[in-house]
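The following pair of complexes shares a single chain, subunit A, combined with subunit B in the former and subunit C in the latter.
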Partner chain A sequence: MKLGLTSDAMRLVIPALSMTVLLAAVFWLQPRAMSYFGLNLLLNLAVPIALATIAQMLVMAVNDLDLSIGAFVSFVACVTATFLRDAPLVGTLILAGAVGIYALIGVVIYLRNLPSIVVTLGMSFVWAGLAVLMLPAPGGQAPDWVRWLMTVKPPLMPMAIVASIVIAIVAHLIVMRSSLGVLIRGVGGNQRSVERAGWSIIAARAAAYGLAGVFAVAAGIALVGLTTSADANIALRYTLLSIAGVILGGGEFTGGRVSPIGAVIGALTLTLAGSFLSFLRISPDWQIGAQGAILIIVLALRLVFNRVEKRRAQP
Partner chain B sequence: MTIRKMLLASVAVACAAMPVSVFADTADKKIALSNNYAGNSWRQAMLTSWEKVTGEAVKTGVVAAADAFTTAENQATEQAAQIQNMILQGYDAIVINAASPTALNGAVKEACDAGVTVVSFDGIVTEPCAWRIAVDFKEMGRSQVEYLAGKLPDGGNLLEIRGLAGVFVDDEISAGIHAGVEEYPKFKIAGSVHGDWAQDVAQKAVAGILPSLPAIVGVVTQGGDGYGAAQAIAATDRDMPIIVMGNREDELKWWKEQKDANSYETMSVSIAPGVSTLAFWVAQQILDGKDVSKDLVVPFLRIDQDNLEENLANTQAGGVANVEYSQEDAIQVIEAAN
Partner chain C sequence: MAKDMKKAVIEVDGARVSFGAVKALDGVTLSVMPGECIGLVGHNGAGKSTLVNVINGGLTPQQGTVASDGERLDRYNITIARGRGMRCVFQELSLCPNLSIVENTRIMHHELGGFGWRAKAAKVIETSLDAVFPGHNIDSGQPVGDLSIAERQMVEIAMAFSDAGIAPRLVILDEPTSSLDASLARQMLDHVRRFVASGGSVIFISHILHEILETSDRIVVMKDGRVVAERPATEFDHQRLVEAMGSVAKEEAFQRSARELAAAPVVLRHQADGIPFTARQGEIIGLAGLAGHGQTELLLALHAVQSNAWWPRRDPLVTFVAGDRRLNGIFELWSILRNFSIASLADLSQGGVVRTAEEAERGADWKRRIEIRTQDVDNGILSLSGGNQQKVLFARALATRAPVILMDDPMRGVDVGTKQEVYEIIRQEAAKGRTFIWYSTEMDEVRLCDRVYVFRERVITAELVGDEVNEINIIAASFGGVAA
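Let's look at the complex of A and B:
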């Protein structure tokens, strides 16, 4: 720790650096993006991705993986565009019930010792089916308050950036500063010692999954606020994007090592990478590959960094 | 001097051909194509047509640029981001084939608010500020029955091959076919199967239902299923009914073989992938200041007995019969809607 940074802060260096580099590259390619209006256009679709990434991060904090998040966000989007607008009470109840189911899944996975990947993959079909039932044909309309929230023009900074900062701070307070957050990360780090210390693992896992459900619901609502109406397949891409976002932001698959601020930065980076490639006019055949290359470069940088860190830690 | 004369003459011809001179007004405008998917022959043909027609338009100075962008994953959120990027890139008009009729509305609204003209086609968007070039799928279904009514004055039993269950296009074409049967009550739909717009699926489905059907005089289809139906029926001892084709190369080839062998008669109808070029010209006309109705209908491409050879020759192996639209075609479509 010669740099005088905590390991949490070190974890953020690479994500922050890669985001800055990409942002600079985007500004260089497209100077028009360097404005209030431009930044909002560039980043507003990153807001629901950031929320979904935080949800994924909470599940990953307890060493699980959620493959249903894309379908769940789509489902929430469909509820938001139908019930939450026409019958706010029913809509709220449905969403609360969905969060409850999320917590329940966390408990079932732990109690029956099931692989989370399989359970959540199964749940993804359930959510997708429910979404189609709710909205057989694309349509619906965003509630006015949601639309207002996502198109509001705050002074100084565009909505996308204000929202990202708020999400990062809230998630940071919950995961890094609250005792519940410590417990959730503890379960991911060493479940047995947390158990021996007298904590309820069931409660911790239920809380982690429930919180993930809350953030995923927020992601769905935010997404409909941006698109104005829903589609049962609207967010299927979010499953992999959210996992990539967590990893890009300095999180790890095991050990309860996660970073909420990093996760938000990871989500922004992924969005910027897409715009960067589109401004570069890379042919679509190469775009997925190029996106993968950006991911691999960032991860390789992190490995190098980790090694340097380790060497420093040793006397 | 002769060159100058020739140039002058060609300019004169060009001016005479175009009712209004459009070159000056849109010469500095940039148009982008936002496409959600490029993974089948129809979409590939659509992109090729776009490149060919807009490349020419850029070269002759009608517009400054006409770039095509395709999203890598066919996802609405990805396409929404793509459209927002196009606004930043300063395009004057965006032509969209949308991944979802509703999920892009937010991005489309952003574009309209930024003063960008948005024209959607094939996969249209519902946002009211955008223009829509829709296909009249109902009419496509109805016209098949109308054709059969002309060919078969006595009527009879029809077999209907539908598309992919639950998709809007399937419902529309089928509704059109049923409306046609109501109009010509001498026909009766004796059976209906889902062919999923794929020859192999259609062949299996038709082979499965055939034993339970009475004599069939006609097969109404949705495209991509006529050849499979023909194969299934040829495997039995039934007479070959009139199978309406869907402009696919294998269907046209089979039709040609039958035509040469036993003067088989039918017709073929589908949407030309070149509809992207119609959308381009409509966008150009809007940028030019024309008053264009928000909802336009694209004519579908119909192939009949006498122009079969010509269309077959122009269709790539494994492809779809295509037609590219010109500026005059677009003006016609616009005027028809007004």
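Let's look at the complex of A and C:
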């Protein structure tokens, strides 16, 4: 027996470790971050990223990749700051329709046997265009309930941490524990055998994309709750951040190997990496490069880890 | 219902299936009664897998009917088959490696739903594992990817026999023991007998003949998409089974030119488990045996040893003709000429620039030599028929200067006329001193070879030279389990 852990549990070790190290480094550089207020400030922007990462993870679970997620979250943010505040019913309908379109895209990609990268890249321009139509200039205002939700101060723990834990638990229940989650991951692992067992692959893929749409909508709403207003380009970088978050959290591009808890940790780690570099007084010009370096270090660690693991499994 | 009025669990009548020009099933009739284990044997391309797919609902025969319990089923599919208790263990892995055993059980059994399905699924699969493989030591919470190959196969077998509401009635086992050791195989065969004794039915496919002989009640022998023999197992023995799988004297197809090559220089050697592999100059060497028993791996190993991953060699020793054209043979978007010249670009270029005139000249030359049927070699490769695409791949390999040509069952789905032309080219090139190492699943092609290595379970188990290369010898060496 190898440490008594399954490969799924081992998958979480590296993300948890890297987040702990970064958090310790941040506290060491800036001890005042170690407070209710400091932690909230440090992590609240991680909440929408975590939601977007879960959305990306659902698409990656069926061996696809969603390059439209940044544009989609921006679109949702624009809807939230305009329609959802002024005409809640219309806003809700628009968001529900958008989730429906997400599910439809999943079906089209499967039926026409198209590369998901191409289709979602195309869709990203559609979402971005719609967002610009709604808000040609930054503006709008967050609905009050959204604002309240993102700024509420629960006892003991700041909202950012509570929200992260809730997201992780909900996503874990859906993806890892429910029958639907098993089916979605099964499609990623061995689509043919799922088909042979008599399941509808179309339904499973539609569900995966639809759920991704739901989490991405939540990400957009959460983001507006933090920023109070929206902009058509507000979340464009989420596309790459969400992919990095999934990978950082122990997920893989193919094979249906994903971890929702890891994905949330991955999103938190990415956010912390940004703060860490600011505290180091590295100029913003270099931050993106430095963030990339952190990513490479963590992924290299994981490769080494996998290799050691494999060597132990088959001597 | 009276006991002697038993109706067949499944009855296939006159099933015909063809894929393009290839007749996979040519009028097969088979019925499986409750409480019966049928052994199904046949060499490559006999139609076993196609028949299995018809029975499990994955394939609808173009002609013929499927009936179950005396009721004709016009709209038969996987879901209906599963609902009637048909289960199948496939040769390749059919579990999801990223899911745990319990989660795989959930995927296999639709009936397992609702709250607490994990506990139910765990019980279902553990009960079955305990029944088939007592003392198995497999934890059902483990991901399938963490299991050894033998353990995976055990889980697949247990999965097929498991009962989560719809009891299994007919279990199809396609080479189930290939990665089990003797004692596990014993446990499985004992379970098959218990299952049959309790009224279940089994279709059992194996290349290990003594397993078939001792486990089955009835043995069905297939060849070229037909059932050629169907008798109680007691009327067969190892010898008669091998003979039934072979054909009735069909040796006229060509005359073997007896060539004396034992003195020719050795160009390639490879040592693995089993009989060592050597190739001499000018030889046509066949790799035979059942598909997937290590032939392609040998070709890949020979290729890997002779090539450099970083930089192509100036004078390569080997070149490769791929079997799966679509997957690793042709460049679909390129023209015929470019598909042809890619392997010899180093010879055709100067200072990194391709000399297009020379490329075109060589292309025209090979087009004439192997008769690629096209107006213009600048047309897209997909404008050609499959057989002509394969000819282009041959031309690609032959146009290089490599003296050894590795062929990975390249004639799959190629029409007879083209095959004959390619055989002729191969003979000519061999006479000029080139060596061909040819993995083929077709008996006629293997018989063209000067020397044949037969594979079984990833090991070379026999070397046949000259007149020893015949169907009976090859089948006898491909199927294990000689009583000894």
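By definition in this document, the second predicted complex is superposed on the first by the 312 of 315 C-alpha atoms of A that agree within 3 Å, B and C clash if a C-alpha of one lies under 4 Å from a C-alpha of the other, contacts with A are read in each partner's own complex, and residues count from 1 in each chain.
The rule is short, and it goes like this: a residue touches a chain if its C-beta (ideal position, glycine included) is under 8 Å from a C-beta of that chain, and two chains touch if they have at least 3 such contacts.
Here the structure is a predicted model, which is why all the values come from computation and not from measurement.
If you put the two complexes together on subunit A, you find that subunit B and subunit C both fit without a clash.
By the touch criterion defined above, A:229 lies against subunit B but remains apart from subunit C after alignment on the C-alpha atoms of chain A. Which of subunit B and subunit C touches more residues of subunit A is settled by the count: it is B. In the superposition on chain A, A:278 makes contact with subunit B only, not with subunit C. In the superposition on chain A, A:291 contacts subunit B only, with no contact to subunit C. Seen from the CA centre of subunit A, the centres of subunit B and subunit C span an angle of about 130°, rounded to a multiple of 10.
Using the contact criterion defined above for the overlaid structures, shared-chain residue A:139 touches subunit B, although it does not reach subunit C. In the superposition on chain A, no contact is made by A:63 with either subunit B or subunit C.
Between subunit B and subunit C, the minimal CA-CA distance in the chain A superposition rounds to 35 Å.
Common to the subunit B and subunit C contact sets on subunit A is no residue at all.
Against subunit C, in their complex, subunit A makes its touches with residues 6-8, 177, 179, 182-183, 185-186, 188-190, 192-199, 255-257, 313. Residues 38, 67, 69-73, 75-78, 80-82, 84-85, 87-90, 100-107, 109-110, 114, 126-127, 166, 168 of subunit B are the ones touching subunit A in the complex. Taken together, the subunit C residues at the contact with subunit A in this complex read 56, 58, 78-79, 82, 88, 90, 93-100, 103-104, 106-108, 110, 113, 117-118, 141-143, 145-146.
Listed in rising order, the residues of subunit A touching subunit B in the complex are 30, 32-33, 37-38, 41-42, 44-45, 48, 136-140, 150, 223, 225-231, 233-238, 271, 274-275, 278-279, 281, 284, 287-288, 291.
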